[in-house]
């Protein structure tokens, strides 16, 4: 009904601004693959032929990319592995040590997929939380059972074979790896000093306030900033555009390999700048991003 | 002469309906690569630059795909191998057993290439026929000599070191594999009960009538239906379009690998539906095809 | 200033003639990557979106291809290896024998990169020259030091641990491989008879006059003609266009692999014609080139 | 509801075939100005800006032409005047003579407007009919009252101050002018000999059968054939297209003047051919039409 | 410099929003014909050919319309004449009567041209003011001398053969016609009751506040509202677009005649609504404007 | 045959340079209306719809302008009338005086039509010549008979009721009006001093050499230069473009009226400059032409 009509009218209004070579809408808060499909269909009908490359985040049935659904979570795991390797930790054994934990705050798309992939890799995910609370098992949670529990009950809370834990307690656990994958500003001036993680991989957008960031850095915690850590979704959106444009589609393995390759290269480059400029990873990532745009603009020139 | 002028005029009339993003003509009965080249050239001259992706089936010299010529036959052989594997037969040894035969009805593009590829794989192709009659050698026919004989005499009939056999006799042979690659309706109510093949791979379009199909299924014969078995040509037409669009061309090995991959995946999916829905492969293939179109339409919606 | 304004005006005037599907400017004498960037930016601003595929030779930051800078030199080395293999020489050991030399005339982009790659392969580059003179070391020059020397002093002359040699002397050395990578007409009727190379790989355009060519052929010297030997730059320009068009970029290894593959195939085909038609490589290359264009034209037809 | 949705979908499907420079739909049986408006709006929304010239017969509010509603009737009256003048009758006084009548069969858009305009010119319209029957007043009908009567009762029948008359009687009246403006085939072999008109102006399409035509011609009746007589609507459709295309609109007087000019010129040319070739007006009109198309085709040539 | 560069860059950014069939920029406060010329030139160079219809208000040398400069003033005079005629005043003699005045507030483009044209018509313009003050001559001011004086001194103040008068006094004069052609809000609650004009023609935008409007209406003053009175400039902008689009240009007389025709028709229609709905001219004009847009939208429908 | 194929191929090659908004070919030496029709048809078929405005000089049947055939000659006559009026001669009576002549050199399209129109106006054309010689009748030649004679015999020579005269003698006649409408350079240093015309209207391109021009000016002869005098054809080509673009066609009277208006205005402006700058008409015309282009360029600016 109305949502479809509204989407189609809106698409018609912005149709001169979007296009495979112009702006390419991707889903964000409040939109989903079905809405992207309507945008694509409306734009296509206006052109008289299918133009799948005009949006990303489409359902696979009409030209979406395999591997896109889990891309952000997968990117977080890749980031964690690269950070671990950098710190000399065997990334296959994150959380294995008795005294250390892998803790994930948030159990939506990003948190759930991160937990799953980490568990598949052999890591022990010992603590997980969502908006209703958290669960903790020092021997590692059974993630696939937990996913089922979450789907059935709407929350991780109440999962058997696990202790209850608050979000605040989760953040304060002694960790190999902490993945804040819930809301903004969860790690802030009030709790930053209590955090005992070795690595933080920011699965959410802006989970750490600037003040907290300073404290964490002073405490020697290695942070993979959101702009890098959760970029997997954007990377695969780009791949979806490439595939739609050429009308040729990759299988999931190829998508994941490319994601691995791009994130590894980006991590390395940010790390290089971080060392060369003696700044933290967040500043280095921003420096790299600004430099790339600035370089391209300087080379192209301002015209007219 | 006239055929060229007619083709160019016709292209000019349909030029608003065709295009790399619209309908893309491919050769069928009565057209050949030269005609596709004229269509492409006419369309290109109207646009002011070369548009190779407007047709498929072009000669390789102007952007056609390697591997397209033999693609339908190669697809039949892949289908046969997958069917054999499914039935627990070593696909490398089809027809090797003394009492079993590989029989191919029709020795045009599809039949000839199928025979060749099967022979290269180590199978014994013991019986082959064309519109003038058939030949049979219980020790396996020498396919490359037979191809030469066909080219010189216009028929397989009269090939030395082989017995004469009628089309009807060929269809009734005890077979590992029967490939009807001639005309429509060759396997019908009249002869279906006499067929003793374990696998039928439909190289032709519609070689089996609906009545015959029922009889064959009842007799436990495994049929790879035409829509799946002879789709190799269409698959490579699609690859030709992809290559033309991006202006980058694959070598023959890459084309064949992709064909193998696509057909293997399609075979598996049809087989899965066949089992899940307890229907034969033909019905399963149709169910899959209709479902894909229906899913895409439901997701896109009807607009306006 | 003026060069940019002139480039942009010129681009505006030719804008109806160029385009990703029309003519695609590439840099030549007097143009450089910055100028290509301005052309690309002007054309893009006129269209309202970025059109990187309208030129090649762009800086990598705005869509240029990795591996393009060294492509011509790399192509020369590939040609040399293929020629050596054809003549039964172990291409890894060109110049290793005491009495034989690898000599390179010219130490610009092509000569320098050829020298470097040959040295990396284990060959001994014993003589190199530029417009100011040459250097010679019978034990092989240290190419990376020589490159540094050239960058610091503007010439290879004066390089320590090497004897001084004239250009004329360099051309007359007993060689496994001679790479003329300087100006046109360096090998001419006057000096052709003095040349003692087994293989000549023409890195420059037209380094050998027709008269000299005849003499060299009579003397059994195997020449890889410029049209083949120095085509690496054009090949990678083509790859840059492919990458820009699909918006997906290759790493340097992929570019180099493709270059190797294309040059190997072209060398083989030219060699095949050379033998079949009993002509030298240069004539064979021209015959192949003309045939390809003629075949395409015959198939497409003349229309209107 | 559905009619609008159907119209918009249909427009979307034919959108590559229509356009201000291609085919331009105009209303015919079963379509009306509202439907033309939907076609125009759908096409315009697909293009992103208003394209009023894509249809004719639009409502005036969105770019229709003034004077289009009455154009066919007005064209009939102009034809009648030209025919009268040709026969030496004072066209202002058609039907004035006691023994002569102006009779109009059909009182829809064409018949009603013709009657009105003739009355305004001073002619006496003495007989009018519609599908339910006719009315007759030898002193002339009061047309504006009759229009009111028709609008109120749905028929001319029952109009006061007039005698009742059948359609058959109307056709058989002694007439200066008979305007058949109802259905096809009203004047046929059965009644043609009874017709006593001096001039017939065919307001309907095909009101006269070929057999009747021959009889009428033999009896010296001057017929303005439908292709000429009722072309007023098409002429003003053309004017609507011209106005829509340039975005500049005429007032009703300008439209009517142009209509007068075009019909006068067409009448004269058909008359000239009729005399030169000694054929009736109908044949002359066809000869002129065919000649114009043939001349244009011969000059342009057949290409490709 | 910078203004030109800024204009061209801005044009480039909005180029997908403007166009002869889309939005068409026209000059307003802060822009002038030169700027419109730059917009037109930039847009044209981006398209590769001249597109004069993309803007209006261009200099005549490059496709502007004759008569555009004076169109707003001329429209005011036409409005005044129509209002006078409606009130039974001989519009040729406005201000002629000893006790009555024509007063014009503001002596910019609109005021000056209105004064000139009124004087040419035989009216006595007795009072004129600008931002520095006013002048008054009960026998009528010599407008062409006053124009010269204004051009030389920058103000009407100090004009010989005239008394000095304040803006407030000017507004309070007994008038046949008052033309407020200066700033917004000049006639407001504070001074409305002092106004003794019979006709007010709003040459400025919004010279009368809503409160003042009510007072004036109560006092029986006939107001031609700004939306109607000063629409001459917009009307001729439309004509400029029409001329640019068809590449055919009108002379000044034709432009002025069309302006006269359009304003006369608009005035009459507003007056008709004013009477029918028993509202003032301002409300009637708004009702007409809203109705036209609403009618067009209702007919076209909302789609998608 | 070949001319058509050549024209169509050529059109295809230049198709990106021509167009209704770009360059618009018009016929010149060696081309004729049929060739323009082929260009128009080829371009139209490439676009998929008719584009009559892409050329001028088309046959009227496919969108050419009425009045174009005679436009150059008519323009010459208008020029002559304006020149006469300027000199105080009654233009209706050119050549009427016993001692004065109207002489026309050349009897092709321009000369013949000029003669005809002058005769229709009541002037006495006493001398006419073509490439084979001239004829002279002091009482005025019967132009319509002369046209018939020319068509029958291919020359004016031999016309009865006229004396034979050489081209040289014709140029030397005492004249009101001399129209050189033949080849370039006919009036040169050798014969300029012998010319006794009061007015020269240059129907040909460049009939007067620069040296002759100076002599004629010194002798007080009033010359209407070619750029002005024979511009009638170009003016009507422009009108043909306007008509083709809007799809609305003028009758011959409208075309001629516009031609009269444009030439009158141009003559007046050139004359004004001639007086203001104290130069001859030729210099004034060039000054006007250069100024118009320069003004437009200055206003638009140079961009990019």
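Letters A, B, C, D, E and F mark the chains as written, and numbering starts fresh at 1 in each.
Going forward, a residue touches a chain if its C-beta (ideal position, glycine included) is under 8 Å from a C-beta of that chain, and two chains touch if they have at least 3 such contacts.
None of these values were measured; they are calculated from a predicted model.
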Farthest-lying chain, centroid of Cα atoms versus that of chain A: F
Given that chain B and chain C are copies of one sequence and touch, is their interface built from the same residue numbers on both sides (over half shared) or different ones? different
Farthest chain from chain B, going by the mean of C-alpha atoms per chain? E
How many angstrom lie between the centres of chain B and chain F, each centre taken as the mean Cα position? 71
Once you find the CA centre of chain B and the CA centre of chain E, what distance in Å lies between them? 77
Starting from the mean Cα coordinates of chain E and chain F, work out the distance between those two points in Å. 45
Could you put a whole-Å number on the gap between the CA centroids of chain C and chain F? 60
Which residues does chain F have that touch at least 2 chains other than itself? 8, 12, 16, 42, 45, 48, 246, 303-304
If each chain is a node and each touching pair an edge, is that a line, ring, star, complete or other? complete
So, in the complex, the side of chain E touching chain A is made of residues 5, 8-9, 11-12, 16-17, 42, 302, 304
Using the touch definition up top, name the residues of chain D that touch chain E in the complex. 4, 8, 34, 37-38, 40-42, 45, 48-51, 59, 61-62, 246-248
Show me the residue ranges of chain F that touch chain E in the complex, using the header's touch definition. 19, 21-22, 241-242, 245-246, 292, 295-296, 299-301, 303-304
Would you tell me which residues of chain B are touching chain F in their complex? 12, 15-16, 45-46, 48
If you look only at chain C, which of its residues touch chain D in the complex? 303-304
